[in-house]
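Right after this note come the structures.
Two complexes, one shared chain (chain A), two partners (chain B, chain C).
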Partner chain A sequence: MADGGVTDGPDKNDDVERAKCEGKEMTKEEKQRLRKEKKQQKKSKEKKDDAASQESEKGKKSDGKSSPASQPLPKPTTQKEAPAPADKPAKSKAELKAERRARQEADRASKQGSKKGEVGPQASAGKPKAPPSELQPVVKRLPEHMQVDNPDVLKKLAKKLERQQIPLRLDYGYKVSLFSHLHQYSRKAPLTQQLSIPSTVIHPAIVRLGLQYSQGIVAGSNARSVALLHAFKQVISDYTTPPNEELSRDLVNKLKPYISFLNQCRPLSASMGNAIKYIKKEISNIPSQCKEEEAKRKLLNCIECYINEKIILAAKAIAKYSIEKISDGDVILVYGCSSLVNHILCEAFEKAIKFHVIVVDSRPRLEGREALRRLVQRGISCTYVLISAVSYILPEVSKVFLGAHALLANGYVMSRVGTSQIALVAKAFNVPVLVCCETYKFCDRVQTDSFVSNELDDPDDLIVTRKGKTQLEDWQQVDSLGLLNLVYDVTPPDFVDLVITDLGMIPCTSVPVVLRVKNVDQ
Partner chain B sequence: MPGPDKETDLTERIEAFLSDLKRGGSGTGPLRGSAEMARETTSLLRRITAQARWSSAGDLMEIIRKEGRRMIAAQPSETTVGNMIRRVLKIIREEYARSRGSSEETDQQESLHKLLTSGGLSEENFRQHFTALKANVIEAINELLTELEGTTDNIAMQALEHIHSNEVIMTIGRSRTVEAFLKDAARKRKFHVIVAECAPFCQGHKMATSLSKSGIETTVITDAAIFAVMSRVNKVIIGTQTVLANGGLRAVNGTHTLALAAKHHSTPLIICAPMFKLSPQFPNEEDTFHKFVSPHEVLPFTEGEILSKVNVHCPVFDYVPPELITLFISNIGGHAPSYIYRLMSELYHPEDHEL
Partner chain C sequence: MELQAVLMAAGGGSRMTDLTFNNPKPMLPVGNKPLVWYPLNLLERVGFEEVIVITTKEVNKMMSTDPKIKDVKIKLDVVCIQEDGDMGTADALRHIHQKIKSDILVVSCDLITDVALHEVVDLFRAHNATVAMLMSKAHEFTEIVPGQKGKKKTAEQRDFVGVDQSSKRLLFMANEADLEDGLSIRKSIMRKHPRMHLKTGLVDAHLYCLKKAVVDFLTENKSISSIRGELVPYLVRKQFSKTTDSHKVKEDAEDQNQKKSDCSTNHEILISSRDEPLLQLSQERSCWNDHHGDMSEAYHGGKLRCYVHIMDQGLCFRANTIPAYMEANRLTPKLFEEPAVHPSAVISDRCQMGSDSIIGALSQVADKTSIKRSTIGNSTTIKEKVKVTNSIIMHGVTIEEGCNIQSSVICSNVVIGRGADLKHCLVGSGQQIDSDAERNNEVIVGTDQLMEI
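Let's turn to the complex of A and B:
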């Protein structure tokens, strides 16, 4: 995670050491706060005596560095001493670091022995090399929905929701131990049942949207994002700035409880997260002298533009690139219902390319049937199988087209559960796998397995009645039985041959490059 | 007269068995387990030996071959029937050889040396009549039946050698052998089992309820999540319908995906299969795997008119190549897939491979 944690390296070690010794888990927020306090204290102390300490510090540093034999790093010393006489605030930072380091060494030497003491100053000495502009310290706050097993986090969430007057959704059913850090809700108990009608806190469009999410009426990352943006358009057009408030700040605060509510109904997807970031940025960029009507018009326009550019036009661009990859006589395999892949296939069919589609589906969502209906309606010839028959049907397939829910920064593709399996079997049969994804779904998270961050759906969906017998009917009564209904999984980049985005056709490993270019643009 | 009555009685039983076979193999997986099928076949063969009219071993073998061909034609996917017939034929050959007094043919394989030295002796037409042959053959078939009864227990006894505590074991669908295996290990060790439900028949649900009732921590997952959870699995233990002559498997659909996922994560794949499932067939596109059932299971008729415009497939079996398999556990111990051909030569005579 924190590869550029330049200034925070020694701090984190320090805090973690102390926390370990004290036997208490400090959350990252508290750690950050402590760090800030310490910095403030040091700054106030430093402003008192400057000149005298400068030289003594220099002396201390060079001594401190050269003395332990295990520090063959001449570079950092020169770098440190060069800006030292020129810059005062940089100096104080370096001084703080030196003091902290000295304290660390003393602590560690007394408690843990010499080994750690060598590592500590070595690490801190090596790190200041990196220029701060590119590798900013990433102090990521772990999202709440991945920390369900931490009671402190749950308490904080409950307090926040109470403040925002949003009901807390309770977990349902026995959770498999590997996933005890995630929520598991029941579809039969939607959050909206706990709201008063009419809800005074939450806009009715958002309430409706939340219900649609939690019941699965609106599903699929594009559909969810578009629905979210339309609901926000409604919210913005109904919004009036209260007196003595600025639109740019107040509107953002108004949106926060809505987002918490939607998060409770169903965890936000990566695409929704990016859309929300964009809206918040646009709102806070509204100049304060702008009149309310004009501001609202501007925002609505921005949202329209976003939908148009990132979703509709992107789909057109991706279809154009993909059609180059589809030739006559192809047998194309698709999985589940991806709006983008369906769009591509329909466009290819319009261009009179002759191909056959195999739709693979899986329980319990059976989304493939929806894709099947759409394709058959257009007149495309289709075959339909379940995912367990994939190795039977793959020898006939020439290409696999998959949709994605998000593309992670380490090149992994996060998509509907079962996608990685199809990619695996396709690889074993040497069939090319192409993933189609718009750039607004790229996110800078990294993940290597499907456990750490996932979504658990209602476990009752797995229950099926065949020939009048329901085997798992009373699974709750049996203690040692658990049902697992995963929603997403991650596909390693070596299974994917090509990613088709609106920027062109790129390999999976170029995702962080695209992210960086986007960040620089914005 | 006892003769004709016995014969009609015999033919009746054979017809009943054949119609059972024809009905039993349709759709929802075997109505009876393979072990039961093997036992029924062997008892029927014993009855044929006892009641049919034959004078020499050759006659008996002809009768059995004829009935065997009819049984295999009734249900080609039930390979245990064919396997038992071949076992009995081998028994008859052995008993005949023993009665003749010639040395035990331990190595049935053709060799250049044998061709040169035993010239005229290889003319075995089994025409000699021995009075004790019938009794001997029936006794040997009884031994075979006792062996069949004990297969599941024999396999289950080896469970503790392969499962350590706090393991996560994955399995797919429902196999009575694997169920007994896991339950036996659960008496002494604590471990966690993940069962893939194996759509569309969802046999995995029954397996999971049965295992959890014995106190084993069980989780049911969908077929789509097999690769997603495989990284946390220590071993994959599955059963199979048939073990092919090259060491490959013919197992329930979804097993190939499971095997590929296990190979990707370097997780050992262990097959619990008793010896009567070993078949002398080699994998061959046309007749070995393709058995389909009604696509109604996959896309029900309630879907409406798109049914007439799409093709729907519902295969029952999957082929798993021997490179993906780590170990076979059978009632006579554990073997690598590369050893299967050797076991086959002990169980079946090469001339019986094609009935």
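Let's turn to the complex of A and C:
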């Protein structure tokens, strides 16, 4: 230990001083003898110095040991000098013991120093190391709906559904290999086949909703969220807290199987996911002393407020901002049927702005027909084309308005398949592309391609009968044929010029800012 | 609670009075099970836990003693009504309206089917329909009805059913008896659904999913007495009535308060499912429409919707006429995988039994008998050298030696003397056929039954 060195040191110092004083009166012979002894000491010094230097270095680096550590540096050297002449003339037992003690303590010091030295440099190097270890991915688990080709994940899902008493929906038909990691269901095999009538496990409102999702009666991001919240309202009003349970915990547990059921009917959309998170948060924030009636009333109120703020008022705000961008004589291109874009155009028409709309449509959904109907019913003059004609009509278009299913955290826009096509062609023609999206559809996910996470619709939708002939009727028998019916695709932010949200008009890259602000608010 | 099941078992079997004189229709044996067992089994299989059974006291007594019905796990809530009261099915619903707390599924006791019930109920749920019903392509019954003289007239009593292009939405329904001058279709229907398929070869399975609002409507409107004959055609007509438009409904309501006129329109406000504002919002935002080509929204804005599921494969018929009854006896053993011969029946070795015959419990069949395509009931005794072909023999019958029975229906507790020869006959319960009698195409019943005329 350095302390041991300190205590021994002054003794040796006295001897050295005495030796030096005596050396002045020494004869030549004694001086030669002294020189020889010094040489020997040097050799032994080198050996001890290595050990001591390590000791001292480590002693230096350890916190709080710097001052005593610096002292042992000269002291061990003097210690080594001192014992050498002292050894020869008279080695008393006490001195031998002291030497041994000193050596032991030196060993101990070296060991501890080494330990502290390891800790020391590690502590200092720890800080730069820690961020890399945090960045080292803690294995991120992929959601199970993107791992359908992994049998273990499927088994886990089957077990979870069995626990929740929800039937498992089987995949249908051959899946194109690039998308074999996603579910593909058939509309002719509804999940209600395996449920009992009347449904007791799942609330009837949720069964109805699931049916409407799987048959496409409720389609479109906003419509699905509103219908979901409506069904939850019914569930909450019919809910009674079982004895010895708390509403805040039990209701959330009740909702989990319903959400799994809806997921089986049709994969949840980003807007639905956000709505569910909001509801779960509201439910778990209910104080435990709150009475059931009051709690239910509060929850129903929250849902009403959410819909009012995030959907209805947001649509009004977005319409207000968008109308600034529409001027007289504009030719606006829209794709598919987005409830928000239709709302904007109707509002703009009410404000007596003169514009013309081109509705672009694509198979197999042909949702553009519905958009066309709504616009023409209002009196807006429209043109209807299929997506294959987009590059022919784009020279006449002044703006492109697109709706979004979700806005991802890296600025990519997830929307109906075909949207990225239109954005790309519009970019090539230098036509501004404006995406309209409410903030509740912003999601934390990051995606750069349309393969990783998507939805596969019923492949039989692609089969069409013309003049009595159905060419693709037996597509399952042909081994080398696969039908792919994608629902969503992802548009990079380079093609999008402006995103109009209820918070204002922001560039595509500001989406993570909005998300951060939202998270801070919550 | 999503759906409540109601089983109508009080019908008198007016189309087969010969059979039902002593045996009430719900308890007629079909494949050695009482007729009412089949709809109960259907409901149980699908997952219902309770049924409200509307029946007469007599049937209730018989049901409580029948072993097959005791086997049924579903809980029966029996409501007894007067036998002779002329209660229609809608009247019966009005009678039990206190018990009805949610939407209902009405089934008739003579329905034998293996339909996937979720198809009907899914239509009811997904489209928020007012009525969803089941229909099936009609069977041609090729049986010669015993005791009938002359050819059967099939032209009467046809049902005209109009469905839209998807064959799901019910647009028009009328019975030929109600159409005196001819079939007329309103322009409003044609404007909304320019393509309509009219079918006459469909049989109504009498399985209806009705909204609770309809039951409330029935309690107010006492003039409707039959679901099949009056209520469903009325609802189908009202789908396209002008007053189902929400704005006009309010105006009419005001008028009525002043005029006190036809109160039925008032009740339409009750029927037309008041879509809540959120559902309305969701429908507005949804990019789905059930039809294309015109300017109107989904369902043409109509709140009252009737849907039908038409079965083209599978078994579905109502055993309410004698040929249907005989057909039922032949087809139902194939529905369930039960042994053709009941384990407690005693059958001698030298008996020739066809593969499509069934023999009930505790029956005894002696040597040298031949039984083909027939149903033998419980506790019957068949002596030697008897030939039974294509017949239905109910419980407790004794058939002496050397008889020959073809295409006949022998009701319970009949004794048929030695050497009798019966072809296409219907023998009522408790009758006795003399020995060496030869009957062809006759209905043999007691004198008290004849007095009904």
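The criterion applied here is as follows: the second predicted complex is superposed on the first by the 381 of 522 C-alpha atoms of A that agree within 3 Å, B and C clash if a C-alpha of one lies under 4 Å from a C-alpha of the other, contacts with A are read in each partner's own complex, and residues count from 1 in each chain.
In this section, contacts are C-beta pairs under 8 Å (C-beta built on N, C-alpha and C of every residue); 3 or more make two chains touch, one makes a residue touch a chain.
Since the model is a prediction, treat every value here as computed from it, not as a measurement.
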item: Which of chain B and chain C A:404 touches, first, second, both or neither; value: neither
item: Which of chain B and chain C A:94 touches, first, second, both or neither; value: neither
item: Touched partner set for A:215, first chain B, second chain C, both or neither; value: second
item: Of chain B and chain C, the chain that contacts the larger number of chain A residues; value: B
item: Chain B versus chain C as contact partner of A:227, first or second or both or neither; value: second
item: Touching partner for A:508 - first (chain B), second (chain C), both, neither; value: neither
item: Which of chain B and chain C A:373 touches, first, second, both or neither; value: both
item: Contacts on chain A seen with chain B and repeated with chain C across the two complexes; value: 369, 373, 376
item: Chain B residues touching chain A - in the complex, by the definition given at the top; value: 28, 197-202, 205-206, 208-209, 212-213, 215-229, 231-232, 253-254, 256-257, 260-261, 264, 298-299, 303, 306, 309-315, 318
item: Touching residues on chain A, where the partner in the complex is chain B; value: 176, 178, 362-364, 369, 372-373, 376, 381-393, 416-418, 420-421, 424-425, 428, 449-451, 462, 464, 466-467, 471-472, 475, 478-486, 489-490
item: Residue ranges of chain A in contact with chain C within the complex; value: 190, 192-193, 195-200, 204, 207-208, 211-212, 215-220, 222-224, 226-227, 229-230, 233, 307, 312, 336-337, 339, 367, 369-371, 373, 376-377
item: Partner chain A, residues of chain C touching it in the complex; value: 1-4, 46-49, 105, 116-118, 121-122, 125-128, 276, 278-279, 281-289, 292, 295
